[in-house]
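Let me begin by presenting the structure, written as structure tokens, before commenting on it.
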Amino acid sequence: MDPTTAMYVAQGLHGLAYGMLLFLVASGLTMVFGMMGILNIAHASFFMLAAYFSYQVLAFTGSFWLALLLAPVAAALVGVLCERFLLRRTHAFGHLGELILTVGISLVILEGVKVFWGTESLPIHVPPLLEGRLALGGLDYPIYRLFVIGLALVVLGVLAAVLYTTRLGMVVRAAVSDAGMVNALGINVPLLFMFVFGMGTWLAGVAGVAIAPILTVFPGLADQMGMDAFVVVVTGGLGSLWGAFLVSLILGELNSYGVQFVSQLAPVLMFLFMAIVLAIKPMGLFGERE
Amino acid sequence: MNLPRQALTLVVLASLLLFGVADAQAAQAKAAFDPDKMADMSDFDPNKPVIPTGDTIKIAVVASFSGPAAVVGQIYFISVQWAAHDINKRGGIMVDGKRKLVEVIKANHASQPAETKKVAERMVLQEKVNVLWGTDGSHLMKIINQVADKYKVIAQSASALSDELYDTTNFSRYSFMSSFSTEQIGRAIGFYYGKIRKKEKKFYILGQDYLFGHSLADGFKKGLKEYYPEATLLGEDYHPLFMKDFAPYLQKIKASGAEVIFTGDWIPDAENLLVQARQMGIKLPFANLFLDEPNMLHRVGVDGTTGLVHVSQYGAEGGAFKTPGQIKAYKAWNTLWKTKWGPPYNTRLYEHGTGNIGSYIQQTYWLLSVIERAGSTDPEKIIKVWENDSYQLLNGKVLTMRSCDHKAIQDLHVEEYVPPAKQRESFNIPPYFWYEGTSSVGPSVAIPARYVLPKMDKSLARCKDKSEAGE
Amino acid sequence: MNVLETRDLSHDFDGLQVLSHVELGVRRGERHAIIGPNGAGKTTLFNIVTGTYTPRGGRVLFRGQDVTGAGPHALVRLGMGRSFQITSTFSRLSTFENIRMGILGRRGIRFNLLRRVAAMPDVTREAEEVLRRINLTAERDLPASLLSYGKHRALEISLAMTTDPELVLLDEPTAGMSRDETKTAVELIRRLTEGRTVVIIEHDMDVVFSLADRITVLHHGEILATGAPEEIKANRAVKDAYLGD
Amino acid sequence: MTRRAVRWLAGVAALAVLLAYPSLFGIYFTNSFVTFGIFALYAVSFNLLLGFTGLLSFGHAMFFGAGGYGTALALTHLKGLPLLPALALGVAAALALGVLLAPLMVRISGTAFAMLHLAFGQLMYVLALKLRTITGGEDGIGGFPIPPFSVPGVLSVDMKTPANFYYFAVAVLGFSVFALWFVTKTPFGCVMVGVRDNPNRVAYLGFRVPHTKAVVYLLAAGSAGVAGSVFAMFQNLVSADGALHVFVSFAPVQLTMIGGVGSFFGPILGSAIFGVISELTSRYTERVELVSGAILILVIMYAPLGVIGMWHAARARARARFAPRGAAEPAR
């Protein structure tokens, strides 16, 4: 590979890595929306929380792998508690209330993070096993980023397997695409909501831990990621996993190649893309329902 | 005939270069910080600040004390409170026939323009503060200056860096800029590479896509033009604030063949940029302003931080600790940090009390010295003293307040970051390094003030027939 | 003369044919019932005729004018009125305010931002008059959602009538009502539609046969038969359709 | 005393307090009141969409910002522009944006409406940062002249004096709120509410729903523009963070929720409550996020209809408890 080609390939990989991470966050957001009809503003806060948890696990055990295992689960646990004791109780008052509630939750998490871990950024290192770069025919690519792509693929594979081969997955899919019909199926809906909410926060948590060695872990981490995930979900169509997947990858690549070719426009590209898509299809690429 | 005179000029110039301009200026400074007069600071604790009440000299620290940027407010507070604590223990300042203590009040602007105006007005109208001390973000400082102008209260711009704050549309008699400014910073780096280092020739600018990032870049471009015409700028890119993935930019820069990346990014962008560059195997040096935060530096370690080039407004050539007074003042802080302070003030960020923190502390001492010499909290009297005033800081550096547009004329320092073993050049007392786990300040080169005079807006009536040196 | 006519009307949802070649003619002044098993396309026909959907094929004529694809507001202004299968009132507004909305619509007061509605005695009086006619004066200030089912349906039907339409389309006006309620409703419909042309979708055959002058039977999107009640009763195809379904 | 007389007296008393306010409470609280007034109008204009027409916008800051930038740009570039035309130009900017977006926005509702506004709001914000030569980037446009309020040859009132600006702001904002309140009482106001409750039924009564929505949309845009314009003159600054940030779009949502979405005066009450709370938090704690987060959670958990909703519920309960049987009917 000549250097120019290598650069373009590398840019493509960068876009893929970021797009995959974005999808990990956005998938939970879109599932929760599809099922409960609410846009969970606090979703990215769980992403941030997982990053902080992973710092804590690392501080105690020194093992990144343990952090990758435990931190998302811990974040999901917090998510489930929020669902059970806050969201569920306000479900009856309509979506606007729930939406505002999630704003409240995100603010409290932000403050909580500052109380426990301070305001400075925390260092999280790439695990030694994944340090360094892989040289592949002229391409010199960080192993950790490849790992991130792989991890996201594995998680997505598991997610797809659960969603498409198990009965639970079928029910979840049905509920996400049409919340009304689960009632008819005779299923414990509150429990299902809690499960989906937990799964969504877990996915965000995995992304949070995976991104921690690349990004700065500081109290504004949620804002950084939240807006992007939001754009993905809205543009892809609220409640559409497939739409979220597609738009995540598009945004990732748009970011990479946008910087490469029209870097002056890069800051507005994402929002421009969203505005154009929504102007043509107000419900997003694959969105249908109100 | 002419020969002796030329020779004489040469000798003078050479001696100037040899002994540094700082020393030459030191003699001229109208006042100086004297570490020997420093009070016993052993009871200072930023978490339990002793804040006097009643008839005091009030300084409002207008900063972000909440939200993601709360750490900035913490840094400012400990800096200003340190100076205040010292002065208070010395018995305060004689103003208007009375000895008054210094009261520091936190004013949280939450990084919001509307909130800034509100809180600044509250400080002036309700708390009746004498000075508004600010702040991160020039757009917020602009608001503070407006409030200062409207209600005739002194404002000190200790950390907002925009040149525009003191141009013809924004200038206020009541506000003084004691920090350095964007154009100076850019030009200092240009001077360093063109006149001193003379190695790398190919540069790339990567900055934040907003006014501050562009101003810095403009300053750097101006500096290259002035002091390094042979250099080439291979490209300039501006990324959105709070960028997540810098890889695409870095990939592009890597392919361009640049030798140095100039950046004004601050955390979190600065940290993401540095960390991701090193992870990608890009070892290029960054010529920077804010890549000096120790936590971030530790994250990439010694290898990743060696060769960074940093502009400082609180640097010192030939070692930071040249006098017993400097060592005493340093130890007073460092001992307390080691033994006394709890979170958030017990992290690496606060270990040395030098760098930016040192600068904020010393700028505050300057303010208090001006008030002392004015003998009054009357803003008019303070203005009279501060205009054209000069003050020698703890580290020997001299700040001169240009009277026509209230900008400080000062030497800047460009520092190269070196591994712990070589940090002795700047950290010249045991243990002879700043940090063990990261490269840090090594050789520090003064960029004499006259090469990096702060930008002057000639359309400002007060400056019409003044030279940039203020004459 | 036909007030309403459809010519070769066809419609499908994503390829699923719901109406094919429907030719309907409603004569001035008659009460015309449309019956048929569930899924026959009755409500879709209503939705097309009243402008909710634009048909894939064919034309709709109202008072001899081609109105295919015209929006509901335009048809209402031409003299059409409609009630819905699922009660469609302003549930958070009071009974009075519901009726007043209709009165405003009839009077064409649409963009008046300069006068308080309370200061329009004509409108108030007229709305109260309507309430009296439908026996809802006592419930004047009750939110529509708190009305009993029967009264809520009555409100719905009279709301369709407030614009003084020449042609009224009623979509299952008595659905879900008790026997007594149905009786009152039929009475109300009879009273309110005096002098108007009515098209009514109805499942309750008693209602159909007591109200309708003519009946059209729709089955799988096609017209099976149209005729007087006796003819329909005797029609073999209709019997098959209902029994065989 | 009759109810009418009581109302009149209350009105006169309120007016007297408003007039005397600056001399009673000093500059700082005078300015606080102006801030409250600006956000009250802004929230009311937002609630005209949400509470009265059922349209939730996550990008209302667009119009607030357009008003601010319009006025700021006009005052910067047009020498000697008088006060009211400057205000009018700000409102015109907001209206122009409204006209531009209306054809798209009136055809959608619900989540799509909210999201599309978020998208355009963010686009405006990023553009304001990006188009530095026009907007001044994050510094925004500041330091423009604030013209006096003048009637040529008769009087000229300096608007840089806080008390004078207060009277001007109160007059402009008060009139705008009154105008919007009046609109809700007109036949058009009835139709608006109808669109919120049942747009389909509205269409079947002969009204054109999109046209109705468009007029409401422009009313909301214009009045948000008034708020933004006054804000720009009050602060003598308009900036991306201060006028277009997503927080600015979110502010009226919060204010309305706290006060009560179902009532015209809910957002005003919400602004007042929020003003008091933020005044207190800024004095006594740095945990600003915790306080506002907790308030939001508590409001949603325990007073989902806002303070006004809570008040109505409490009153209804009290009536039911204390009134004799049969008298529990609401007063006519």
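The first chain written gets the first letter, and so on, giving A, B, C and D; residue counts start at 1 in each chain.
As a working rule, a residue touches a chain if its C-beta (ideal position, glycine included) is under 8 Å from a C-beta of that chain, and two chains touch if they have at least 3 such contacts.
Here the structure is a predicted model, which is why all the values come from computation and not from measurement.
Chain centre most remote from that of subunit C: B (centre = mean of CA atoms). Inter-chain spacing, taken between the CA centroids of subunit C and subunit D, is 41 Å.
Mean C-alpha positions place subunit A and subunit D at a centre distance of 34 Å. Looking at subunit A, residues 110, 267 sit in touch with two or more other chains. Contact with two or more other chains is made by no residue of subunit C. Along subunit B, residues 67, 70, 209, 240 each make contact with two or more other chains. With chains as nodes and touching pairs as edges, the resulting graph is of another kind, matching none of line, ring, star or complete.
By the definition of touch given earlier, these chain pairs are in contact: A-B, A-D, B-D, C-D. Contact residues of subunit D toward subunit A in the complex are 50, 56, 104, 107-113, 115-116, 118-120, 122-123, 126-127, 129-130, 246, 250, 253-254, 257, 261, 287, 289-290, 292-297, 299-301, 304-305. The part of subunit C that touches subunit D in the complex is made up of residues 50, 52, 71-73, 76-77, 81-82, 84, 88-93, 97, 100-102, 104-106, 108-118, 120, 123, 141, 159-160, 162-163.
Touching subunit B in their complex are the following residues of subunit D: 26-28, 31-32, 35, 126, 129-130, 132, 136-140, 142-143, 160, 231, 235-237, 239, 241-242, 247, 282, 286-289. For subunit B in complex with subunit A, the touching residues are 67-71, 74, 209, 237-240, 242, 244-245, 247-249, 251-252, 254-255, 267-268, 271-272, 275-276, 279-281, 293, 295-296, 298-299, 343-344, 347, 349.
Of all the residues in subunit D, the ones that touch subunit C in their complex are 182-183, 185-191, 193-194, 197-198, 200-209, 211-212, 215, 330, 332.
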